[in-house]
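Next up: the structures, one after another.
Here come two complexes built around chain A, the first alongside chain B, the second alongside chain C.
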Partner chain A sequence: MAATLPAPRGRIDFVGIGFAIALSVAIIFPLIVVGTWAFTEVWRYPNIVPQQFGLRFWNQTLSRADVWSALTLSLQLSTVVTLLSAAICLPAAYAFARMTFPGRNVLFFSFLAGHAFPKFGLLVAIAAIFLQLNLIGTFWGVVLIQLVGTLLFMIWIPVAAFQSVDRRMEEAARDVGASPLRVFWSITLPQAGPTIAAAVLLSFVGTFYETEGAWLIGAPGIRTMPVLMITFINNQMVIQYGAVLSVLLWVPSFIALMFARRVIGGGAFARGFGG
Partner chain B sequence: MTAVSQASARPLDQGENRRRPYGLLLVAAPVLLVAWLVIWPIVSAVGRTLFQRSDEGAIEFTLDTYLFFFSDRYSLDNLTVTLWTTGMCALLLFVICLPIALYLRFSAGRLPAYVQSLAIFPMFVPSIILSYAFIRVLGPNGMVDILLNAVGLPKIRTPYLTPWGPVIGLVWDNIPLTVLILLSGLGNVSNQAIEAARDVGARWGQVLWHIILPRIGNSILVALSFSVLGIFSSFTLPYVLGPAAPEMMGPFMQRTFRDVNDPQMAITQAVITFGFCIVFGLFYVRSVARNQGK
Partner chain C sequence: MARLDIANVSKLFGSTKAVDDFSITVEDGELVCLLGPSGSGKSTLLRMIGGFEKPTYGSMTIDGEEVIHLPPEKRPTGMVFQSHALWSHMNVFKNIAFGLKLRRLPKAEIERRVEAVLELVGLSGYGQRLTHQLSGGQQQRVALARSLVLEPKILLLDEPFASLDQHLRERLREEVRDIQQRLKITTLFVTHAQDEALSVADRIVVLRDGRTEQIARPAEVYREPATPFVAGFIGQMNLVSGVVADGRFGHSAFNVPAAVADGPATLAVRPEALAIAPASGAGMAHVHRVTDYGTHAMIDVELPDGERLKSMMPTADQWTPMQKVDLVPGAFALYRDNGVIYRADAALALAKPARKTRSTVHA
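For the complex of A and B:
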């Protein structure tokens, strides 16, 4: 967008104002309504604003045992999946970026396979395999299914990061006698690090919110936070429970939003999706 | 590379290990995982539905489960509503996102930056929170009803639990990627080409039709493939916002697998969704691969 000229002076950007208003209404307004519900004690139809604000339902929601066990479980799952994913994907990403070996291209693109099929259909096919292995309803079953979901991100983004490291700086460091490990630690990692961190964060948050695999593979034993949300919504329990959980759940997403801006801003993200 | 580094050859150095496949070892774990949990389930699903054990114990080729699916009224209704939802979402996404992307491409400043961050924002709203917000805003006695009532208008016919519920939710959810993909495609349209056309008197409609659209055709198809793949077998939004019957393929497969406890039929439904999406999947892989190759 840098190539375009600024609009001529004095012209009001009506189109832009139109889009800004329409998108604000369609995207921000629903979230404000949810936020309002979270801090509402009494709000009866047809009042435009709640009759009584308060934190009573925060206490009630947070004193529910199922909320805490779901939250702990979700955090455990996300941590285990992200660590496993980083452990197997980052070395692979380095290899894809820097080494030549037979079948490199085919293997690199094989990670697309999971995204070339409709996701839930694939999950059902995996669930059929897990059924024979008795992995349905187990922690590790859900770990495996969520791990598969992180592979593409955790390999492709770090590969791009490793490739964008200035090779001449690495070679210069080698020339003055630095060991490969030293080069990796002092030259490669500082340059590739931030992008890799963003990929790790994305995979953590993505796993935290992953609903479909957890629902299909995990039920009934494994109840993650999003799965608990679905039951809250379906059972039409106290409206505020859902609102409080939404606000709580949105915090990690907000952190991701802040950190991921650099990854998404680069346009590399859309290209990764084939744009 | 100098003689010094040649002498101190180490495994991480690409120059020396070209013939030694250390790389294969490093990539083995994720590749095997893909083979086990993506490739094998698909092959196995197709195999298990086409070759079943007959009553005598012999394994034979059969189309029974497929014939059942395509002769069962309820299954066909579910398939139809899935196709309708996917088509409607794709259409709405195109109509909504192309103007946004065009606006973002051809303007600069603070307002477009604000519009862009709004358009990308849904990417950071998990679909389960979106479902909840949808119910509170468009559901019965939701915020829209409250506001309409306040100005003396009748309530809306709520889209919650109708086929329109998932459509609205899925469009909302897919706006960011569609805009980003289209915007990235519009990056290939040079300002000179447009200025040249404008200089010879082309109207904006003609510029769009003759200059812009042909150049972003590929991006439009990528965006289409991506949203079709995502929407066709979506689960959470149709499950929470959609009607109980007919239901989309996602909830249908889930119910067949878990509640009806008929994995065989669920896999058949999965293979049928693969069949309907195969063209989009192949196209998606091809264009991503081509892009990466550049």
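For the complex of A and C:
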């Protein structure tokens, strides 16, 4: 009888709890430590809690001109890279999803190449080429290198999104008088919209936090937020500068997450990956 | 108000002929059904008229103007898809208004026309609904309204009711016929359901493997099917293979006069034209099953060679399984080489009853 069976929820899921604890320790604990450091003025060994909290280092960090210029630069870079990437990749993704042309599959998988090999080697090789082209240390040099990093997301996810749009909907739009371009703009794009928004968001946030390319190609003229943070951490003995910057860096991803939850809803990311 | 001329149109996909040398003239305001089993080329034909497929050969003109090179958006046709294909990111109003906006009509005019067409399809006040808030039948009405609002010269319906339940399908097809007749809009209607074709069409085109089997009015397609395929596809039909010799079609259970040349032939007789009578002699056939439908009874009769035929009788009362019976064919037709060679109407057949039924002619 059902009544004699042990109720499943009565059992304690030790494995699940174990995973939860491990994840909390690995992710949340460092975040708490960094967050605490950002609001600490004095914290000496062997104390477990800081001796003195305060906003002194926030004042000091935020009054630095290089922090503000790095933040502005990072936002500009992420915006430009994401827009360019969308302009290039979305039509390409549509072509991959809806058309057959010679070399289609090879080209499609070639976008994996940038992620299939150790990235640093690739970046060094590109840096050598950029040096010849006088792109090292320029805004557009960094835009180009970061653009490469977004290609995979911005092609693969939209391809899945476009493929899942009902072709009859597109035909119905042609039937009432819409040109192919108008069909793409008014029917296909809105239908694939939530999933594409997910790709754009990933692209923006990924670019914002991108460090290797920005550092290798951008140095010394271009300093983005993450690059600045690394410089702070490497060169300054004051831990709080780095901590304040990393708390500042949480802001865009937090906003992005909130936006994603509101606009995209569940399932869109999964659908984007062909789920 | 338009006339559609299709001349010698063929469509090849690779080496397979989806449509083979098709021709028809659809008159102004006429409703023509393209009827056939799946794979008969009826949807391909409709998609070619709509501009979604390009014919390999042939020509298509609407009011005398060649349309074959026009893309769908330039054709004066309106298509309603089986899957209704409503745009789920727009509400009902925007779905219908989309085509009008593309034509840059003033806002007030768009609103007036959308309201009018919503009323026409019986969905007044549904403009602000989202498409997923509608039932299947309502969605299909919106799809119909979306096409009608643009006043196309030719309306194309691609199995529009196939995904709906039987009751709704019957109601909607009557409504569509009413609207079509009120607007006098030239219409092509693709279906695989013969009852749908028989009930709404002015003419029916029966297609098989991309070829035309028959083009005729519904009554004619039913009463005088041109080929054995049409005979078997439309309604119920008993088909019996036999041989004509000395002016009579002969089979173990049939022997009927047929003034045609000797040779093999297929006899086709509808259940309602095949009466049975209690066997006068030994009786060559027996009752296999009796099904009482209330309005009539269907008697399955088994012939000596194991073949089964259906006979429709007014009542089930006097028939029991294994009972020996004689067959009394009324109207029948004989087919040879995919064509009709002989047709006997009921009166003639009854006047000269089959050999086994000398004394049991039904009044």
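Please note the rule applied: the second predicted complex is superposed on the first by the 225 of 275 C-alpha atoms of A that agree within 3 Å, B and C clash if a C-alpha of one lies under 4 Å from a C-alpha of the other, contacts with A are read in each partner's own complex, and residues count from 1 in each chain.
Please note the rule applied: a contact is a pair of C-beta atoms (placed from the backbone, for glycine too) under 8 Å apart; a residue touches a chain by one contact, two chains touch by 3 or more.
All figures in this text were calculated on a predicted structure; none of them were measured in a lab.
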According to the stated criteria, A:Ser164 is in contact with first (chain B), second (chain C), both, or neither; which is it? neither
So in the superposed three-chain picture, is A:Gln51 touching just chain B, just chain C, both, or none of them (first/second/both/neither)? neither
Just checking: does A:Arg104 make contact with chain B only, chain C only, both, or neither of them? Give me first, second, both or neither. first
Comparing chain B against chain C, which has contacts with more of the residues in chain A? B
Can A:Gln76 be said to touch chain B (first), chain C (second), both, or neither? neither
For A:Phe117, using the defined touch cut-off, is the partner it touches chain B, chain C, both, or neither? Pick first, second, both or neither. first
Look at A:Ala95 in the shared chain and tell me whether it touches chain B only, chain C only, both, or neither; answer first, second, both or neither. first
Identify the partner contact of A:Asn59: answer first if only chain B is touched, second if only chain C is, both if each is, neither if none is. neither
Pick one for A:Gly177: touches chain B only (first), chain C only (second), both, or neither. both
In the overlaid three-chain picture, which partner chain does A:Gly193 touch, first (chain B) or second (chain C), both, or neither? second
Which chain A residues contact chain B in one complex and chain C in the other? 171, 174-175, 177, 179
Mind listing the chain B positions that touch chain A in their complex? 1-2, 4-5, 10-14, 17-18, 21-24, 26-27, 29-31, 33-35, 37-42, 44-45, 48, 99-100, 103-109, 111-112, 114-115, 118-137, 141-143, 145-147, 149-150, 172, 177, 180-185, 187, 191, 219, 222-223, 225-226, 229-230, 232-236, 239-240, 249-250, 253-254, 257-258, 263, 266-267, 269-271, 273-274, 277, 281-282, 284-285, 287-289, 291-292
Chain C - residues contacting chain A, complex: 50-52, 71-73, 77-79, 81, 83, 85-89, 98-99, 102-103, 143, 146-147, 150
In the complex of these two chains, what residues of chain A are touching chain B? 1-7, 13, 15-17, 19-20, 23-24, 26-31, 33-34, 37, 45-48, 88-89, 91-92, 94-96, 98-104, 107, 109-122, 124-129, 131, 144-145, 147-148, 151, 155, 171, 174-175, 177, 179-181, 184, 209, 211-212, 215-216, 219, 226, 229-230, 233-234, 239, 242-243, 246, 249-250, 253-254, 256-257, 260, 264, 267, 269-275
List the residues on chain A that touch chain C in their complex, please. 166, 168-169, 171-179, 182, 186-187, 190-191, 193
